[in-house]
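Pasting the structures here.
Both complexes below contain chain A, partnered by chain B and then by chain C.
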Partner chain A sequence: MNRLSGRAVAWVGLVVVILVVGLGGPNAAAHGTTAAVYALAALSINIILGYTGQLSLGHQGLVGTGALFAAYVTTAHGLPFQIALAIGGLTGGLAAVLVGFVALRISGLYLALITLVFGLTLEQSLFELTTFTGGGAGEAANRPSFLLPNDRYYYLCLVVVVVVCYLDSRLTRSKAGRAFKAIKEDERVAAAMGINVVGYKLLAFTLSGVVAGVAGALFAFATQQFVGSDFDFRLALVFVVMTVVGGAGSRAGVVAGAVLFAILHDFIAAFGPFKSFAGLFPTQTGANLLQFGPDLIGALLLLLTLAFNPGGLAQQMAPLVRWMTGGPFREPRRRPPAVVVEALEAAGIETDEPAGAET
Partner chain B sequence: MHGMVLASFGGSVGVPMANGLVNGCLWGLLAIGIVLVYKANGIFNFAQGEFGSMAALIAVAAVDGLGPFPKMPMPIAMILGLLAGVLCGVATERLVVRPLFRSPRATLLVATAGVALFLASLQALFTGTDLSHVFPAIGGSHHFALFGSLSNPDAYIFGWTQISRVLVLLAVAIGAVVFFRTRYGLGILAVSQDPVAANTVGINVKRISMLTWGLAGLLGAAAGLIDVPGGPYQPGLVSGILTGVGPLVFAFIGAVLGGMTSLPGAFVGSLALGLIDSFAGRYMPASVPGGEALVVFGVLLLVLLFRPTGLLGRET
Partner chain C sequence: MLEVRDLSIRFGGLQALSEVNLDVGEWEIVGLIGPNGAGKTTAFNCITGVYRPDRGRVVFKGQDVTRLPPHRRAALGFGRTFQNVGMVKTATALDNLLTAQHLKADYSALSGVFGTGTALSEERELVRRADAILELLDLREVRDLPISGLPYGLLKLLELGCALATDPELLFLDEPSSGMGPEEARELGKRLSVVRQEFGLTMLLIEHHVPLVTSLCDYVYVLNFGQVLVEGEPEFVRTHPQVVEAYLGTAS
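What follows is the complex of A and B.
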C-alpha cells in the first residue's frame, strides 16, 4: 500500500466515524450537534485569540445574539431557516462590530474586561427584552420539517463546520491572515510595517462575531428554543478554555478541543470507574461530583495545558495533521539555507546541529 | 411634616445612596486586592473573587458543622475562612503564577480565570446548587433604620451585616496606609516599580511575590466573608461564575475607574460605581431590562476611551 492510499484510508475512516455518529440514534446525533456548535464557537474564538492574539471573555454574548435573532425572525416573522441562519451570522457580526469599534482602541487586558462586561450586559438586557423573548420564558426556534430528525440536523451542522473550516483556511492564507499574524507577534512592529492594526483587529473581531452568530443560530435550532440564561459567563469561560486546551491558532486543534469539551460532561457522567468513584460518597455529594466534576477537570486541563503543553492538543496532533494534509509524518529536519551551510563548512564548522541560523 | 420630607428624601436619594455605598464597600475590598496584584505582577487576577468564595464556604461549613468540621462559633469560623483565603492566594502564586510568569499577560489572565473556574467547581462538589447553607447575619436580626422608622417602606433598613461592610473597608484602608510604610509594604511597592532593581538592593522578590498573593487572598477572603452573611451560600458566589453576575465584575470596573494602579483609586472608584449602579437601578425605566448593567457598561467604555488612567490614576 503506497502512501497516498494509506492517507486515503485514514481520510475515509475519519469521515465514516464522523458520519456514523448521526446514525447512532437521536441522542448520539444531538451530542454530535452540540460538538459541531462548540466547534464553530471555538473556530470563532480562534480567529481573535489564535490568529490575532486578542482575548474575548464575552463570546457567549455574540453566540447568544445570533441565537436570539435567528429564533426571533423564525417565530415572529416566519422567515425560512436559511434566512434565519444568515441573520444569526449577520447580527453576531454586527454586535461584534459595535463592541469592537470601541473596545479595540483599548488594547491588551482591558479588551478582556470590556468583552466580559459586554457579554454580561447582553445577558441581562437584550436577552431579557420582552419584544424578542417574551420575558424569561424564551423564544421558540422550530426547525423546518425536513430538518426535524436529529440526524439530518447533525449532518447540516457538519456541513456548516466544514464550510467555515474551508473559509478559515482561505482566511489564514490571505493578506488579512498575514496581517493578523503580524499583529499577534507585535502590534507596534505591525503598525510600523504599515498594517492598519485597529482596522484588521476589527475585521478579525467581525469575522469572529459572524461565526459566533452562526454557531448561536445553530444552537437555537438544536434546542428549538432560545433561553437567555443559557448564555452565561460560565459558557464564555468554557469557550476560551476549550480553545486553549485544543491549541489556539490551530484549526484542527481547536475543533478537537471543542469536541472534547462538548462530550466531556456526558462522557464523564457515563464513565464506569468515575461513576463507582462517585458512588463512594453520600448521594448528594456523588450527584454533585457527576454534575460539576467535568468543570473541575476542564479547569485542571486548562492549567496543565498552559503549564506543560502550551501548544494544546494541536501539539500532539501535529504529525497526524501534517501527514493527512499531504506532508510527512515526522517533522522534516530543518537545515539552515544552503548559502549559510556552505559558508560554515568553508569555515570548518560542523553544520549537523540546527544552529542559530533558523531562529 | 418633618418625617414626611425625610421619608421622601430617603426613597428618592437616601436609600439608593446608602445601598450603593454599602455595595461599593464590598466591591472596593475586592478591587484593592485586584489592584495590589496588578501593581505587583501586571496580572488581571480573575481568581480574586474565588478566594472569597472559598473563604465563605469554609466559614459556612464551620458554622453549620458540615463535612469534617465540628460546629464552631462564628468568629472562629471567620478566622478559618480568612486562613483558607490566604492559602488559596499563596497556592495560586506557587502553582500557577510563578511557573507561567514569563508567558504573555493574556495567558496569565486565562490562567487565573482557570483557577476561578477550578475553585468554583471545587466548591460546587461540596454544596451543589443547594441553597440551604445560610451564613447567619452578623448581629442577628437586630436592625436599624435611616430616613424614617423601621416600619416605613421608604426608609433604609440595615443591620450589623451592612455596618460590618463599611467598617471592614475602613479598617482595610487604614491598615493599607500603615502597611505600606512598613518594610514589607515598601518591599511590595519597590518590586512593583522595578523587580530587578529591587532584587539588587537585597529585596527577596520571590518572597515579596508570595506576600502579595497572600495579602490578595486575605483581602479576597475578607470580601467573601462580608458578602455571605445573611444570605445563602452559593458556589462561586463572589465571582458569579456559576450564578450569573457576582461582585467581582463590579470590582474590576471599580478598579478601572480608579486607574487600575492606584489603591485609593480602587477605593474611590468602587464607591462611585456603587452609587452609579444604585441610582441607575432606581431611576432607569423598569421597561428596560438590565438598565443598570447598560449604564455601568457605558461608564466603563467612556472611562476607558476618554480617561484610561482613571479618576486617580497617574500616567505611567
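What follows is the complex of A and C.
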C-alpha cells in the first residue's frame, strides 16, 4: 500500500469513527455532543492561552453568557435556532470585550485574577436573574423539530467544530495569528514591529468569546435548558486544564484534550476499575471520589503534563498529525544549510556532519 | 529628521538619562556609544516609546511623538532591533519576516480569518517581499528553518531583515555587530551601507565595535552616566581625551 492510500484510509477511518458515534443511539450521540462542545471551549481557550499567551480563568462566564442568551431569545422571543446560535456567539464576544477592556492592560497573574472574578460575578448575578432564567428550574432552550433527534444534533455540532477549526487555521496563517504569537513571546518586540499589543489582545479575547458563546449556545440546546449553576468555576478550570493537557497552541492537540476530558467527565464514574478503586475507601470518601473523579484525574494529568510532557498530547500526536496532513511521519533529518554550517564553523563550533564525511 | 530634547528618565534612585539632546539628520548614520550602563539602550527605549521619559521631547519629522505608543511610532517609520535579538523565537525565518510586515499587510484581521481574496493575495505579496529581503541578506537557505537553532550572527542579520521588513525610514540598531568576529563585523558594515542605499534609510546605532563606528557613522554621540559626554565626527570623538578616560578610567 503506498503512502497516499494509507493516508486516505487513516482519514476515512477517523471520519467513520467520529460519525459512528452518532449511530450508537441517543446516549452515544449525547456524549458525542458533549465532546464537541468541549472541543469548541478548548478552541476558544486556545486562542488566548495557546496563541496569545494570556490566561483566562473566567471562561465559564463567557460560555454561560452564550448559553443564557441563546436560551432566552429562543424561549422568551421565539427566535429561530440559527439566530439564537448567532446571538450566543455575539453575546459571548460582547462579554469578552467587556472583560477585555478592563483586563488587557495587565497580564499574567493579575489578568487571571480579574477574569476569575469576572466569571464568578457573572455566575452569581446574570446567571441568577429570573428575567432571563425563568426561575430556579432554568430557562428552556428547545431544539427545533428537525434537530430534535440526538444524532442529528450531534452532527450539527460536528459541523460547527469543523467550521471553527477551519477559521482557526486561517487565523493562524493571517497577520492576526502572527501578531498573537509575537505578543505571546515578547510584547516589546511585537510593538516594535508595529503591532498594537492591546488592540490585538482585545481581538484575541473577542474571537475567543465568540467561540465560547457558540459553545455555550450549543450546550444549552444540547440539554434543552439553561441552568446557571452548570457554569461554575469548576468548569472554567476544566477548560484550562484540558487545553493545557491537550497542548496549548495546537489545534489538533486541544481538540484531543477536550475529547479526552469529555470522555473522562461522562464515563469515569461508571468505569469498572475506577469504581473498585473508589470501593477501597470508606463509603463517603468513595462517593466523593466518584463524584470528583474527573477533576482529580484532570489535576493528575495536568501535573504529569507540566512535569514530563510540556507540549501536551500535541507532542505525541505531532508525527501523526504531520503524516495525515501530507508530510512524512518522521521528521526528516535535514542537513543544516551551508550558510549555517559556515557561521558555526567561523564561531569554532563543530557541526554534526563534517564536510567530507565517509559516504 | 529626529530631534531629541532634554530627555530624562529616572528609575528609583538612578538617574538613567539626564537632559540628553540628540539630532539625526535625513540620510545620516549616527552612532551612540559609551561604556556599559551609560544609558544607551535606555535612550533607545525612550525614543522608540518602550519607556515614557520623565521629561523631554522626541520629535520625528516635525511631529512630537513623545506620547505615542511604540506601534504608532513604527507606523510613522521607526524600525528597531534589540540587544538580545527581538524576534519570534518559535517561528521560522519566513514567518518572522511576515510578522514584521504587519503594517504592510493591507487587510483587516477579520478578512484574514475568513480567508478573503484580498487577504490571500496580500499574503502572497508579503511572502514575495520577505523572499526579496532574504535574497538581499543572503539568507535564502534559512527561509523555512525555525530560528531558534540558528547561530547568533545569522540571527542578528535576520533581525536586521525583520527591521527592514517593517519598511522604516529611521532605523534604530542596538549593537548590530554583537556576537560577531572582526571579519563578520566588517561584512556587516558593508551590508549596512548597501541597505542604506537600497532602502533610503537614516540610522541611529548603538555599537561597541570601534572600527565599524568610525567607518560607518557620520556623527557620534558618547553617552556616559546618562549624559552626553562628547559629540562630533567619529575621528574627533575617538581620540577625545574625555572619551578615552570614560572607557579606560583615569590614571591615578
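Criterion: the second predicted complex is superposed on the first by the 334 of 359 C-alpha atoms of A that agree within 3 Å, B and C clash if a C-alpha of one lies under 4 Å from a C-alpha of the other, contacts with A are read in each partner's own complex, and residues count from 1 in each chain.
Please note the rule applied: a residue touches a chain if its C-beta (ideal position, glycine included) is under 8 Å from a C-beta of that chain, and two chains touch if they have at least 3 such contacts.
Just so it is clear, the model here is predicted, and its values are computed rather than measured.
By the touch criterion stated above, A:333 is placed in contact with neither chain B nor chain C.
Residue contacts after overlaying the shared chain place A:191 against chain C, while chain B stays out of touching range. The partner that reaches more residues of chain A, of the two candidates chain B and chain C, is B. In the superposition on chain A, contact of A:203 is made with chain C only, not with chain B.
In the superposed model, A:55 makes contact with chain B only, not with chain C. Of the two partner chains placed by the overlay, only chain C lies in contact with A:344; chain B stays clear of it.
Of the two partner chains, chain B is the only one touched by A:244; chain C is not. By the document's definition of touching, of the two partners only chain C reaches A:175; chain B does not.
Overlap of the chain B and chain C interfaces on chain A: none, as no residue is touched by both. Every residue of chain B that touches chain A in the complex is listed here, in rising order: 44, 96, 99-100, 103-107, 109-111, 113-118, 120-122, 124-128, 130, 235, 240-242, 244-245, 249, 252-253, 256, 288-291, 293-294, 296-297, 300-301, 304-305, 308. Residue ranges of chain A in contact with chain C, taken from their complex: 167, 170-171, 173-179, 181-182, 185-186, 188-197, 200, 203, 207, 337-340, 343-344, 346-347, 349.
Those residues of chain A that touch chain B in the complex are listed here as 53-55, 57, 102-103, 105-106, 108-110, 112-114, 116-118, 120-121, 123-125, 128-130, 229, 232-234, 237, 240-241, 244, 284-285, 287-289, 291-293, 295-296, 298-300, 302-303, 306-307, 310.
Here chain C touches chain A in the complex through residues 48-50, 69-71, 74-75, 78-80, 82, 86-91, 95, 98-100, 102-103, 105, 107, 109, 112-115, 119, 123, 138-139, 141-142, 145, 150-154, 162, 166, 181, 183-184, going by the rule given at the top.
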